[in-house]
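In this document, chain identifiers A, B, C and D correspond to the written order of the chains, with residue numbering beginning at 1 in each.
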Amino acid sequence: MSRPLGPATREAYGQELLALGRERPEIVVLDGDLSKSTMTKHFAEAFPERFFNAGIAEADMVGLAAGLARWGKLPFVSSFAAFLMSKAFDQMRISVAYAGLPVKFVGSHGGISLGEDGVSQMSVEDVALARALPGFAVFVPADAEETRRAVRAAADWPGPAFVRVGRPKAPVVYEGGCPFQPGRALRIREGRDVTLAANGLMLAAALDAADRLASEGVSARVLDLCSVKPLDEDEVVRAARETGAIVVAEEHLLAGGLGSAVAMAVAAEEPVPMAFVGLADTFAESGRPEELMQKYGLTAERIAAEARRLLRRRARA
Amino acid sequence: MSRPLGPATREAYGQELLALGRERPEIVVLDGDLSKSTMTKHFAEAFPERFFNAGIAEADMVGLAAGLARWGKLPFVSSFAAFLMSKAFDQMRISVAYAGLPVKFVGSHGGISLGEDGVSQMSVEDVALARALPGFAVFVPADAEETRRAVRAAADWPGPAFVRVGRPKAPVVYEGGCPFQPGRALRIREGRDVTLAANGLMLAAALDAADRLASEGVSARVLDLCSVKPLDEDEVVRAARETGAIVVAEEHLLAGGLGSAVAMAVAAEEPVPMAFVGLADTFAESGRPEELMQKYGLTAERIAAEARRLLRRRARA
Amino acid sequence: MPASPELPAVGPASALGARTGVDLARTADRLRLLALEMIAKAGSGHPGGSFSAAEIVAALFFRVMRHDPKRPEWPARDRFILSKGHAAPILYAALAEAGYIERGELDTLRRVGSRLQGHPSVRDLPYVEASTGSLGQGLSVAAGLALGARMDGADVRVFALLGDGECQEGQVWEAAMFAAHHRLSNLVAIVDRNAFQLDGPTEAIVALEPLAAKWRAFGWDVVEVDGHDAEAVAAALDVPRPDGRRAARPRAVVARTVKGRGVSFMEGQNEFHGRAPTPEELERARAEIVARLGEAGVRRA
Amino acid sequence: MPASPELPAVGPASALGARTGVDLARTADRLRLLALEMIAKAGSGHPGGSFSAAEIVAALFFRVMRHDPKRPEWPARDRFILSKGHAAPILYAALAEAGYIERGELDTLRRVGSRLQGHPSVRDLPYVEASTGSLGQGLSVAAGLALGARMDGADVRVFALLGDGECQEGQVWEAAMFAAHHRLSNLVAIVDRNAFQLDGPTEAIVALEPLAAKWRAFGWDVVEVDGHDAEAVAAALDVPRPDGRRAARPRAVVARTVKGRGVSFMEGQNEFHGRAPTPEELERARAEIVARLGEAGVRRA
């Protein structure tokens, strides 16, 4: 990627959680024996009496958080996104979502870019699962700055929320602050010919793709859809209307992810040709993050190629 | 619903499992203390030595099945769809899907039509979760006849599979046998003006909606998308091209369900206006099945209304 | 102000000791009667596990727990979680008997729009702390409440009622391990040891014995008790308040019970795990309970 | 045909008794050396929990288990599941040492396209029975294999190696309860009791003690053993074959170990739970192991 690398989004989470902890005494934090990786360790060091290590027992951890929330605390709960969503989905469903409790989940090591540890630790379905929890907000920030905003927004969100953060250093997208708000898409680049919508690490890739396309005379709009849920349907539909084609890119399975949410919104209001960059029905593997992103097609080149394909098709039509 | 009621799809499952058990000695069945409800009891009575009650321990049950499959058995695993998918997702992800083992999951009491027991027992996210498991086939049969075919197809499917069956008696859609095949949509009614695509109990509702529309001079095609995964993208795209509008109906959350799969296929190849009938981001509640279907908009009227809306919009355009 | 046996005072006005006047055995039967009628009216529900828990729930609501029906969200209330959520009817009966909800509302059980969901919903009802129905989750939520209470130095106890079959869920043991580690002595787990789960006897399906030894090995202070001796149950449940002498361990009460207890033809008959009585069965069951209560007791129920 | 200490015969040709000639202590160190180099080359991985398990894995692969590297899918093989999947390097070392894979392939650990995934993948490697890495799942899969073996009357034993931290997962206790209920005496669970999990000491995070009592209360035949005394470990693991005298209970071996064992500056140093050695650390660690093995032993490793 051509953008300078900033801190990992998990590191930004750790720092922002520490800051929030200073401001809000009701915040408590739970982790599932991964505090050194999820970066809740910063909070744990500063507020040991408000930090609970649930051990390797994710289901119990989510129930504990529900109880703490019902008591009146504001719990943040972390683990790898894979274990958080996959091992405790039913607890989120009943103990948290159905109960309507404001528990905040931050899953780290989202996507395949965690690299060498491989499939068991990779979360490529967390967004699909979180979207399937009524009342949950779902945010996938792109860089450190946006993570800080998203974590704060999660704390303020009235119900439960899930935020996905990542392991590797993240390309800087937002230099002078990020105006992230739940339910709002951020149009970070204007464009007429095609829209590139993305979040997480794929947002920087979308910007790079837009650069490439610009050099070919194609004007690509770029939307940051960090707020997967609620989705800014208006802005998405506007993009469909004004640019006539949309490529959605995400570090996630295509099934149930961001692309599917955008596809439904667009189909309902302003059907236009779309393309989807993400993982088809497959597991990834161990490897260096960049190599994996390349091998599994999560790249700026791929986004640009899909955009070109949509434009060619429009030209033919 | 206006179609005659036949056996519940869970009952058809129980019977077909028994038949399969007679034919294939390698089939073993596991249940999570719900064999009287999931109807694996028929198999359990006939083949007690090939039936294992895992107790109320769904995660372990899925792991046991993985071990049995690795040993060389062909395990069918049942519980309520809600507990099966929600409590054992990670075990399906790693012990089954990543391992590529042919374990067959049949979740009963899918959807909200289980009625009085209420939210905790209702599964409205099972299809989204199953779709997010690489290599899984996902079938949602509409009636007893189709269930028999789908259960058999699951047994034959080379990898893992999930089949959703339901609690209440199901309207008969297939009288003289059902030609269900994985990856094949069934065009059960021809039509030119709009396509109604559905599965499970909503298929009968779609047929009823088509009847209503026919009486208004609208020719509605009806597609049975029992095979949610693999999805018959060709037939779906053909429907888009030939009818120009699609309503998708499912007894499931809109997030990550059948509608989202169809929306992506259509957007990628032949964008047309679509409407989605299903549960928005909400939990249902206890109540009589018909009342719930009515209250949450899972009805023929609603499908017909959405079709009319799409047609009016097309007329205006 | 001593409470009358008919309508026991459960609020803070009544000192705990004063409530020893309540006839818990009769109260338990009154809860059974309400639960029975509720389930019959709804046409579905779980009598077996409601009845086995009647004395436990009676002891909690009308003797052991500090709570005030006029202030359901009173911060100093003791908390109760029905982890075996399918026994909702016995909880709803207690909520009605204590005055949290109207007696008449019990007729709405399991109907569209009702607050009386098939399984308890925290968003719908007063004095309900957790949404349950998916087995295995309640003890974790209870431990979270107990932890919160301790963080804030609140003099509050938390009670969670579990099924024995439910103890097959691994999450129960996760919660047990965590609670013991954190020495949540303000937490009490009660296991309704009725020896049956949905498909049959627990020991035939996945055996739980030695159950008390399991809880002990997980660090709990275990008391075994006859779950239909309401006074004995109350004594076992009434752990010292956090500000009192600390047990330093959470307590598990293994209450030996009979599924369907209180109605002869339901006792140990697991078909009544989850089905409503027919009209005839309703009458027979009603007659049995009424015979024990006497007409006076019934009028109030 | 007695096996040579350098390259122990592990196939069926060698009667079990004949394999007592293998020097398990040396073999364990050779596995450590391979694991160390593999992790260093990969630049990431988990030395701590690989080293604590070296004697256990050595005892299993080179003494206790019946298996034949020339026939990885031999139906009569004993099965092994590394439930604590992050210790993959010690498993891969054993697979190489036994001859299932080439020594050179170890250099591909964690690289794109390699069969040596960060955590074991059943689809990729011979003599691997389960994909692991998400903790808590292996014992259930092992119980399923043991059950399948028993159904078919196969004379096969199944071994699952768990972390101690991993025993905080409820699924482990679900599997324990099921296996005891079904008297899966052909199943052995080994707990690598190295007293550390990722964030620190197990007893400081969520205490597991009394761990042996837990397994016992869940119906297992428990043996505690020094996990670095490979001969003692082998003896504890070598449960009677199903056709022999039946223990009628599955066995749990709680192996007391030291995390990072075998490299002085890694022992009990939990930072080496999940990080690769630096080049200098690699040299120091290598030197220590080599000193124990002697040059002859190293050449073969």
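Following the convention adopted for this analysis, a residue touches a chain if its C-beta (ideal position, glycine included) is under 8 Å from a C-beta of that chain, and two chains touch if they have at least 3 such contacts.
This one's a predicted model, so the numbers in the text were calculated from it and none came from an experiment.
Chain centres computed from CA atoms place D at the largest separation from chain B. Each chain gets a centre from the mean of its Cα atoms; for chain C and chain D, those two points are 45 Å apart. Chain centres here are Cα averages; for chain B and chain D they lie 42 Å apart.
Chain geometry summary: the mean Cα position of chain A and that of chain D are 37 Å apart. With centres defined as mean CA coordinates, chain B is found 29 Å away from chain A. In chain B, the residues that reach two or more other chains under the touch definition are 54-55, 57, 59-60, 82-83, 86-87, 90, 93-94, 98, 119-120. Residues of chain D in contact with at least two other chains: 121, 131-134, 136, 168-171, 174, 177-178, 206.
If each chain is drawn as a node and touching chains are joined, the picture has every node linked to every other. Residues 121-123, 129-134, 136-149, 151-152, 170-171, 174-175, 177-178, 182 of chain C touch chain A in their complex.
Residues 42-45, 85, 110-114, 116-119, 121, 131-136, 165-166, 168-170, 197-199, 202, 205-206 of chain C touch chain B in their complex. Considering their complex, residues 82-83, 85-87, 89-90, 93-94, 97-98, 119-120, 125, 128-129, 131-135, 229, 253-256, 259-261, 263-264, 266-268, 271-276, 281-283 of chain B touch chain A.
Taken together, the chain B residues at the contact with chain D in this complex read 28, 49-50, 52, 54-55, 57, 59-73, 90-91, 93-95, 98-100.
Taken together, the chain B residues at the contact with chain C in this complex read 31, 33-37, 53-57, 59-60, 82-83, 86-87, 116-121, 285-288, 291-292, 295.
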